[in-house]
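See structure below.
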Amino acid sequence: MQFLSDNAASVHPSLWAAMQAADAPDSPYDGDAVSQQLDEAFGALFGRECAVLWVATGTAANCLALASMVPPHGGVLCHREAHIEMDEGGAPGFYLHGAKLMLADGESAKLTPDAIRTVIDPIRNDVHQVQPHAISITQASEYGCAYRPDEIAAISALAKERGLGLHMDGARFANACAFLGGDAADTAGPVDALSFGFVKNGGMGAEAIVFFDTALADVARYRRKRAGHLQSKGRYLAAQLLAMLKDELWLSNARSANAAAGEIASVAGTRLMHPVEANEIFLHCSATEREALRNQGFEFYDWGTDAARLVTAWNTPQEHAIALSKAIAAL
Amino acid sequence: MQFLSDNAASVHPSLWAAMQAADAPDSPYDGDAVSQQLDEAFGALFGRECAVLWVATGTAANCLALASMVPPHGGVLCHREAHIEMDEGGAPGFYLHGAKLMLADGESAKLTPDAIRTVIDPIRNDVHQVQPHAISITQASEYGCAYRPDEIAAISALAKERGLGLHMDGARFANACAFLGGDAADTAGPVDALSFGFVKNGGMGAEAIVFFDTALADVARYRRKRAGHLQSKGRYLAAQLLAMLKDELWLSNARSANAAAGEIASVAGTRLMHPVEANEIFLHCSATEREALRNQGFEFYDWGTDAARLVTAWNTPQEHAIALSKAIAAL
Amino acid sequence: MQFLSDNAASVHPSLWAAMQAADAPDSPYDGDAVSQQLDEAFGALFGRECAVLWVATGTAANCLALASMVPPHGGVLCHREAHIEMDEGGAPGFYLHGAKLMLADGESAKLTPDAIRTVIDPIRNDVHQVQPHAISITQASEYGCAYRPDEIAAISALAKERGLGLHMDGARFANACAFLGGDAADTAGPVDALSFGFVKNGGMGAEAIVFFDTALADVARYRRKRAGHLQSKGRYLAAQLLAMLKDELWLSNARSANAAAGEIASVAGTRLMHPVEANEIFLHCSATEREALRNQGFEFYDWGTDAARLVTAWNTPQEHAIALSKAIAAL
Amino acid sequence: MQFLSDNAASVHPSLWAAMQAADAPDSPYDGDAVSQQLDEAFGALFGRECAVLWVATGTAANCLALASMVPPHGGVLCHREAHIEMDEGGAPGFYLHGAKLMLADGESAKLTPDAIRTVIDPIRNDVHQVQPHAISITQASEYGCAYRPDEIAAISALAKERGLGLHMDGARFANACAFLGGDAADTAGPVDALSFGFVKNGGMGAEAIVFFDTALADVARYRRKRAGHLQSKGRYLAAQLLAMLKDELWLSNARSANAAAGEIASVAGTRLMHPVEANEIFLHCSATEREALRNQGFEFYDWGTDAARLVTAWNTPQEHAIALSKAIAAL
């Protein structure tokens, strides 16, 4: 029973169908009929104008979005445990040509205006110190916690006050949105650009960069090609995205994953290290206990020496979740 | 009837089947069972040890290969009309951190040792001038012409003499190989790294970087992640590559495309601007003549003001090729 | 008798005096009293507002100026034989983060609007091709020829029409200005930024980047620090620049160098490969003839196999110039 | 009375003399007779072979040294308060093409093997995380503390064990050496490259990068030119360096600065935030007290809200130091 990650789960049948429906030859790159529908489809979802680019990975989405906001001599404020800092192999340094990540603290890997100010206020406004140009927040956070609309609004207000761009890494945006009630616009808030993740939510290899500041997209299109991310048969990526939006598949997939996580969290009590607001569960759990779980057939990652990370996916079987919750309760 | 490009053709049914066969969850990134088979499968094809990385695009393949050979202060010798110079949106400048493309001339976009020497011999061996670190050749060339094994050997000898890496852009490697008789090892020759293209040959979004100098692959793995090209569900890319190798599908697809091109070339006589050795035909052709062809339903690109570029694909219907050859003959 | 280059000539006594006058401690970097006078002093010289940054080398000046105009995914149009292309060790690739130099032809290493159009007009306005963002011209050119004001105006008009920045590499701006009659504003024309060279004209290690588009300077200040070019004792550089401007020393030094070059050119007749409009002379001259000159004590560089390059400096002794002109006449 | 910084102090008379002695024309760049003596002169000082490059600033020295050891996808371990992290305007990100600084803690801004291990041991050896390639330590540290030879040896042993390069930022190497007894080799220890600072010690604009791993220098020479740091009249920089080495001027200058700092430290007692082992004094000191000192004519920087930083220089007048120590004692 697999609780290792959502990033390698199977592709949803609707996406297979959509990709195959796009198989007839069409214009290459993003000139095809499917790609051309993305701006409108996402615009309808968010209720405001946007420009949408597909890319194959979240790392590329995050970095292309940030590169449209931050010059090489600038900086990006993010959480100390943000994916862009910890897990992208230095991709921001590459895409942003050496711009600097500026690391802030915060509970459950979420930023607050105060935490941001603690980092940027001491920066002297002179050429000896890198100046911040953008803030990047993660929805849901690395620990599976969702920013509430008012929290994003407060960060956005600070960003505007300081002239900083605001980016959201939404690798698990769907899970956050499902938790928050299903309103995409509320879940994104007034960010300038959103990396809207689909791969962890039943996709094959397509994420969306949603630029609400559409001028940024013009730069990002050049940068996408320059990064080798403009696939010639882009229609297969666009088809995945459209299929996800259709009938809110992205949301129902996320709800399934969240439900499975909720099932497990419901028995975990004080073992929970963070509130479970998406599809990730971080559990205080000794080595012996972890071994006990593994002996019962559960696969998952250790998280340091005294904890476990459990991740559900769109297709986690309900019986697996129930089995795991029972096993945890029995520890 | 479509002769615009091979880069947007449909995906071969065998690849669909292979991708779906890989749908069950497996380890993410390139830890899955399919990805793990690539080194051996390509090693068998080329008859020598190699390390193989999948990526989504030819631009990424070329640039990651070159970045493993060339430091930021170095240079890459390529043809003036090479794809890396003309059509990759400056990707080599990005991936190689500002390294320089050094442009040589040559018939039909092919390099020769003499053409290379003409460029590199005048470079003073001092810090004021960028020093060459690698040569990149394209098989088949931008004009659809194939390097013969002895031509590659001669370039390789020069590369070795000067301590330069040798890279082959094989976006249409399959077509060149089909033309040359079907021996992959002969078609690649003693290059250090090959961008082996599959997307133009019936793939969806997977190319192979084949490192014959396997030490280079160790760097390239870090660079691939850093470029956002390490897809989490990499097994779908690996599945495409394996399916292509199986029963030499890559070669039979290329033979089909070449045959269609040959059909057309056979009637083109002195209109041909370059020998047709792959699946591209460059035709002297006036604006009036091009209009006449288009009025008969043929789609293709203009090539400057007095010529046309026609490209066949793995699935170009024979009747389309025949129809086009008749139409050209009738001009 | 030294005609190798002007780039290693002695430092003018007035500059030594000015540097020593600046020896008392003052604010570091560019906060000192001398640096603070530069904007005004250069503004008075050019008759328009400008922001001026000192740097140690022409390469740094050129690259910092261009980096303020051109994004990493953009391009710079320059002459095929421009210093930034030929002699700066790939510095533009470094400072511009992989932006591309786009090479145009032109007599005596000068660009014309037609030559520029020949390069940029065929560039498709799509993401597959690098788009031009700036033009860089060299005053005087690599072959010692001066752009006339109307020539610069025509290039500037084209730049404005296409939305391109305009940079002037003025490593030998003083020599061009002396030739054109001594009006700095006319010699620069309506460029956005000028690398105003002093090192080849009697300086020690200080050049000025003159930003007529002062907004560009704000970026350049950060980039200068980031490139390690913000010297802590910047007052010694600023002192050199001010001393050069005082009583038009820069112009009288250039006039001396030009006069020496004119002396030599006056006897060279059809040997001259280019008009002598600054302090460089390119001479058709066989190997035997070059040896004859060297045997008489003249030092200079070969220029290819059948020519010589002779460069005069601010302090070339008149008798050396006369001796050389006699020797050439006697060949 | 100036205790702001050593970085803007006057140039030592011997350096003026040496620069003027180098005024006669010589080969440009580093081909001149003075530059050619550097390897031998520094080799004699350190008692081992080395290759020495001059550059104008410590930022350039640090970054060129590190760029010779660390690939763009790699990382550099340094102290959280290191100059390369805090005060170089992001220069390491520029010169190292986006490589990452990895920040460790440590008393008085000094690293220890344990502190380094705390940072690098948790880094998984996979492509998702940036791998360390070098360690950079600062001698004397940002807080004016000197690494003892055994401390450097321990860090070097760890570096070797992990295959990491070892760089020393020696902006105040002379002061550390003076404190440690005057042995340059002991003060540097077995580092691979040393940024040997002279500007803060009576120089004008010349620092030395001393490569004990001489192979690294070959790369650095290209990178120096590419960064616009190869001055054409390099002999004036080389002359400063040689003049500093002559008769151990660098050491006597440092001893003067240290003595002045010692004078002040001797009365500071528990106000001292760090041991005074070079020419910097960090003092607990209230705003009122700082105002009192300033009212007596002492200039210095605040260090946060409750402290002051006082820096002495090679030419700090003894009476100033005595006056300041009395004023502090009287607080």
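Should a chain be cited, it is by its letter among A, B, C and D, assigned in written order, with residues numbered from 1 in that chain.
In this text, contacts are C-beta pairs under 8 Å (C-beta built on N, C-alpha and C of every residue); 3 or more make two chains touch, one makes a residue touch a chain.
Every value quoted in this text rests on a predicted model; they were computed, and no experiment measured them.
Of the two interfaces, B-D and A-D, the higher number of touching C-beta pairs belongs to A-D. Chain centres here are means of the Cα atoms, and by that rule the chain farthest away from chain B is D. Averaging C-alpha coordinates per chain places the centre of chain A 34 Å away from that of chain B.
Centre to centre, using the average C-alpha position, chain A and chain D are separated by 42 Å.
Mean C-alpha positions place chain B and chain D at a centre distance of 50 Å. Residues of chain C in contact with two or more other chains: 72-73, 88-90, 93-94, 97, 127-128, 222, 225-226, 230. Against chain C, the residues of chain B that register as touching in their complex are 72-73, 75, 86-90, 92-94, 96-100, 127-130.
Listed in rising order, the residues of chain D touching chain B in the complex are 71-73, 97, 127-128, 131, 219, 221-226, 230.
Note for the complex: chain C touches chain D at residues 2, 5, 7-11, 16, 20, 23-28, 32, 55-61, 63, 88-91, 93-95, 199-200, 204-205, 222, 225-233, 235-237.
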